[in-house]
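Labels run A, B, C, D, E and F following the written order; every chain starts at residue 1.
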Amino acid sequence: MSSQHLTEYEDASPEVRAVYDDIMQTRKVEQVNNFWKCLAAHPPTLRRTWDSLKEIMAPGALDPLTKELIYVAVSVTNNCPYCIASHTAAARKAGMTDAMFGELQAVVGMANETNRLANGYRIPLDDAFRLD
Amino acid sequence: MSSQHLTEYEDASPEVRAVYDDIMQTRKVEQVNNFWKCLAAHPPTLRRTWDSLKEIMAPGALDPLTKELIYVAVSVTNNCPYCIASHTAAARKAGMTDAMFGELQAVVGMANETNRLANGYRIPLDDAFRLD
Amino acid sequence: MSSQHLTEYEDASPEVRAVYDDIMQTRKVEQVNNFWKCLAAHPPTLRRTWDSLKEIMAPGALDPLTKELIYVAVSVTNNCPYCIASHTAAARKAGMTDAMFGELQAVVGMANETNRLANGYRIPLDDAFRLD
Amino acid sequence: MSSQHLTEYEDASPEVRAVYDDIMQTRKVEQVNNFWKCLAAHPPTLRRTWDSLKEIMAPGALDPLTKELIYVAVSVTNNCPYCIASHTAAARKAGMTDAMFGELQAVVGMANETNRLANGYRIPLDDAFRLD
Amino acid sequence: MSSQHLTEYEDASPEVRAVYDDIMQTRKVEQVNNFWKCLAAHPPTLRRTWDSLKEIMAPGALDPLTKELIYVAVSVTNNCPYCIASHTAAARKAGMTDAMFGELQAVVGMANETNRLANGYRIPLDDAFRLD
Amino acid sequence: MSSQHLTEYEDASPEVRAVYDDIMQTRKVEQVNNFWKCLAAHPPTLRRTWDSLKEIMAPGALDPLTKELIYVAVSVTNNCPYCIASHTAAARKAGMTDAMFGELQAVVGMANETNRLANGYRIPLDDAFRLD
C-alpha cells in the first residue's frame, strides 16, 4: 500500500466510515478531503487526528474564522502547500474576505521578518517580559 | 559596537529619537522595548521595521487582537523566544484571555502536527483546492 | 550549466564515475539517483556528501532501518519533498512495514505538536533535565 | 495567570489530577514534568495531549526506544530546547547508549544537510519515487 | 479573487502601475515577475514590500551579489521553491558562477548540519561569545 | 557521559587530539571552541565534521567573509543561538563591519518575509525560472 493511497468511502472499513461520517456531518459536506482519505491508511491516526481537530476547531473563546486564520499562519510559516491550500479555502468559507487575506499575509510576513531580526541581533529579554 | 548594544533615548541620534518618539506615542508607552534599542544600531533597519510594523498592525479588516494572535502563532512556530514573550504580552494587552491563550496554543500545536502529516503522507491536492 | 543538470554516467569525469561506482556497489543498485547526478555539478560536494552519508548510514549502534526512520522524520519536519520520497523508499527497502510507517508519521506529528506547545507555554526546564 | 504557571498536584482540580495520576502510573514516576504542570492551565489541552501521547508512544510496530529516537530527531530539527532535554532523557531511560546518541545526532545532522542540498539544487524527483 | 490572481499591467490601477514602473526601471527589465503580480492583490503589501526590498538590496556595505547569495541561503533553508528559483536567477545575473553556486550550497548544507549538532549536543556557549 | 560533556585537550585520546591540533593550527588559535569539545564525545562525528568544515570554509570561488555571512544567515533563519554567536564572531574576525552586520540582518529578515509571502500567495513559477 502506497503512502498516497486514497481510501474511498465504499472501500472503507466500518471504523474508517464512522470517522468519514462524522466529518461529513460536522462540516456539512458530502465528501471528505484527500487528507482524511490518506490518513485512513492508519486508522488510529485517522480517528485521533479527527477527534483532536474537531475539539480544537469548535467555536470557543476564539471564533472559527480566527482559528482558521491562525491555522493558515502556521501552515504558511511551515510552507505546507497542502495545508495552505485547504485552510485558506476553509478560512474563505468561514468568512475571510480579500482584505482580511491581504492583512493576514502581511502580518505573517512581518512576524517572520522580526523573528529573525530578534535572533540575529541576539536581543536580551526586557525585564517586563520575564517569567521568573 | 556589539550586536547587543542597547541605544538609550538620551544617547540616541535625532533620527533614532524620532522613531522612538513615534513608537511611544503610537503605543502610549513611556519606553521602547529592547527590540527597538537593538535595531537602533542600524538606523535604516530601525526606521523601516517600525514604519512597516506600524502600518501592518494598525486596525483594518482584522482587529488588533486577531493580528497579535497571528503574530504569536508565527513566533511559536519559529520558536523565537523574544517574540513569543513580547507578542504574548501584546496580545494580553489587546484583550487575550486565559481561555483564548489556551485555544491559540491548541490550534498552533494542531496545525504543526497536521502540516507534518500532510508532508509525510505526501497527500495529493484535491481538485477543489487547485488554482490552475 | 543549470542547477538541475543531471550528469549521466557516460558523460561523467573519472572523479565523478568513481563516486557513482562506489554508490552502486555499496547499495547494490544499477543506477544512482538524481540526487547524485545533480551534485555531480560540484564534484567536491558529491564526493564529500557520499563519503559522509556512507559512513553515517552504515550499520553501527543503530541498525539501517532505524537510521532511515530518523532520516524520514527529519525530512518530513523540514518538508523536503525529494528527501521524503527517496528516504521513505529507502526505509521500505530496509524493512519498514505499513504499520511502522503509520506509527512513524504519528510520532513525527506529535513531536511537532508538543515542540510548539513547549515553546508557546514557555515551559521552564525541570531541574532533572539541566546540564549545569 | 501567567503562561508559565505550574499547577502542582495539591492545587489541581480533580480533572487535572486524573491526568497526572494516569501519567505517573503509566510512566511509573512519582512526579509529572513541568510540561504537564504548564499544560494544566488549559485542561482540555492537558487531557488531549496526554491521551494522544500515551496512545502514540505505546509499544507497537515500533519499539519505545525507536519512538524516542524519532522524537529527539524532530525536536533537534525544530530546535525545541525543552523537548530536546526531556526526550533525550526519555531515550536514555529507554536504553539509548552513548554510541546510539552519537549516531542519532550524526544522522539528524546529515539529513538536515542533504535536505538543503536537495532544495538548493532543485533536484527533480526520480520516476521511481513518483506516486502518480 | 483568487490568491493566485495575477494583475497584468494593462489591468492595474494607477497605484499598482507606479510600483510596476519603478520595479522595471530599477531592474532594467520589461516585465515584473509573478511575485509582484500576485502581491498586487493587496496594494499596500505590494508597495511596502517593493520599497523595503529596493532599499535593502541596493549596493551598500555589501555588494548586490553577496546580498543575493544570502537571499538564496535563507530561501534554501526555508525551502521556498519560488524564492530559490527567482533569487538563484538573480544571483546568476549579479555574477554568480557555477563554482560560486557549488560553494554556496555546500556552506548552506554544512550550516544546517552544524546548527542541528549544536542543538542536539546542547552545547554551552563559550565565555568568549557571551554578550552579558 | 552527559551530552554536554566537554573533552579538554589533556583528557583527549590521540585521535581527538589530532583533530584539535589541526583546528588550532588551521585557525591560528590556542583553544578549540565548546562545539568541538562536545563533538569529541563521538570521535567519528568530530573528525568528519571538522574535515568537512575545513574543506568547505577554505577560500575558493567565495572568500571566507562571504562564507561566514552565509553561515550566519542560515543560523539566524534556523534560530541556532550557539551558531549565531560563534559565526557572528567568526564573521567579525573575517572583516565584517557594523554596517555589513546591519545589512546582513536586513537581507535575512527580508528574505524570511518574502519567502512566506510567496508561500501564502501560492505564487506560480514564472516560465523564465522553470528548469524543465
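Here, contacts are C-beta pairs under 8 Å (C-beta built on N, C-alpha and C of every residue); 3 or more make two chains touch, one makes a residue touch a chain.
In UniProt terms, the chains line up like this: A, B, C, D, E, F = Alkylhydroperoxidase AhpD family core domain.
The model shown is predicted, which means the values in this text are computed figures rather than measured ones.
Asker: Which chains are in contact with both chain A and chain C?
Answerer: Chains touching both chain A and chain C: B, D, E, F.
Asker: What's the rotation, in steps of 5°, that superposes chain A's Cα atoms on chain D?
Answerer: 180
Asker: Would you identify the chain whose Cα-based centre sits farthest away from the centre of chain B?
Answerer: C
Asker: So what's the Cα centroid distance for chain D and chain E, whole Å?
Answerer: Comparing mean C-alpha positions, chain E is 34 Å from chain D.
Asker: Which whole number of Å gives the spacing of the CA centres of chain C and chain D?
Answerer: 20
Asker: When the centre of a chain is set as the mean of its C-alpha atoms, what distance in Å lies between chain D and chain F?
Answerer: Computed value for the inter-centroid distance: 27 Å.
Asker: Can you pull out the residues of chain F that are in contact with at least two other chains?
Answerer: As it turns out, chain F has residues touching two or more other chains at 3-4, 41, 44-45, 48-49, 52, 56, 77-81, 85, 88, 99, 102-106, 108-110, 112-117, 119-122, 124, 131-132.
Asker: Quick check of your reading of the touch definition: is the inter-chain graph here a line, ring, star, complete or other?
Answerer: Topology of the interface graph: complete, with all chain pairs in contact.
Asker: State the interface residues of chain D toward chain B in the complex, per the touch definition above.
Answerer: Against chain B, the touching part of chain D is residues 1, 3, 41-42, 44-45, 48-49, 78-80, 131-132.
Asker: Provide the residue numbers of chain A that touch chain E in the complex, in ascending order.
Answerer: Touch residues, chain A against chain E: 79, 88, 98-99, 101-103, 105-106, 109, 122, 124.
Asker: Taking the complex as given, what residues does chain C use to touch chain D?
Answerer: Those in contact with chain D are residues 3-4, 6, 33-35, 38-39, 41, 45, 49, 52-53, 56-57, 60-62, 66-67, 69-71, 73-75, 77-78, 80-83, 85-87, 89, 97, 99-100, 102-104, 106-108, 110-126, 128-130.
Asker: Would you mind writing out the residues of chain B in touch with chain E in their complex?
Answerer: Of all residues in chain B, those touching chain E are 2-4, 44, 48, 52, 55-56, 131-132.
Asker: Could you pull out which chain B residues touch chain C in their complex?
Answerer: 72, 76-77, 79, 81, 84-85, 88, 104-105, 108-110, 112-117, 119-122
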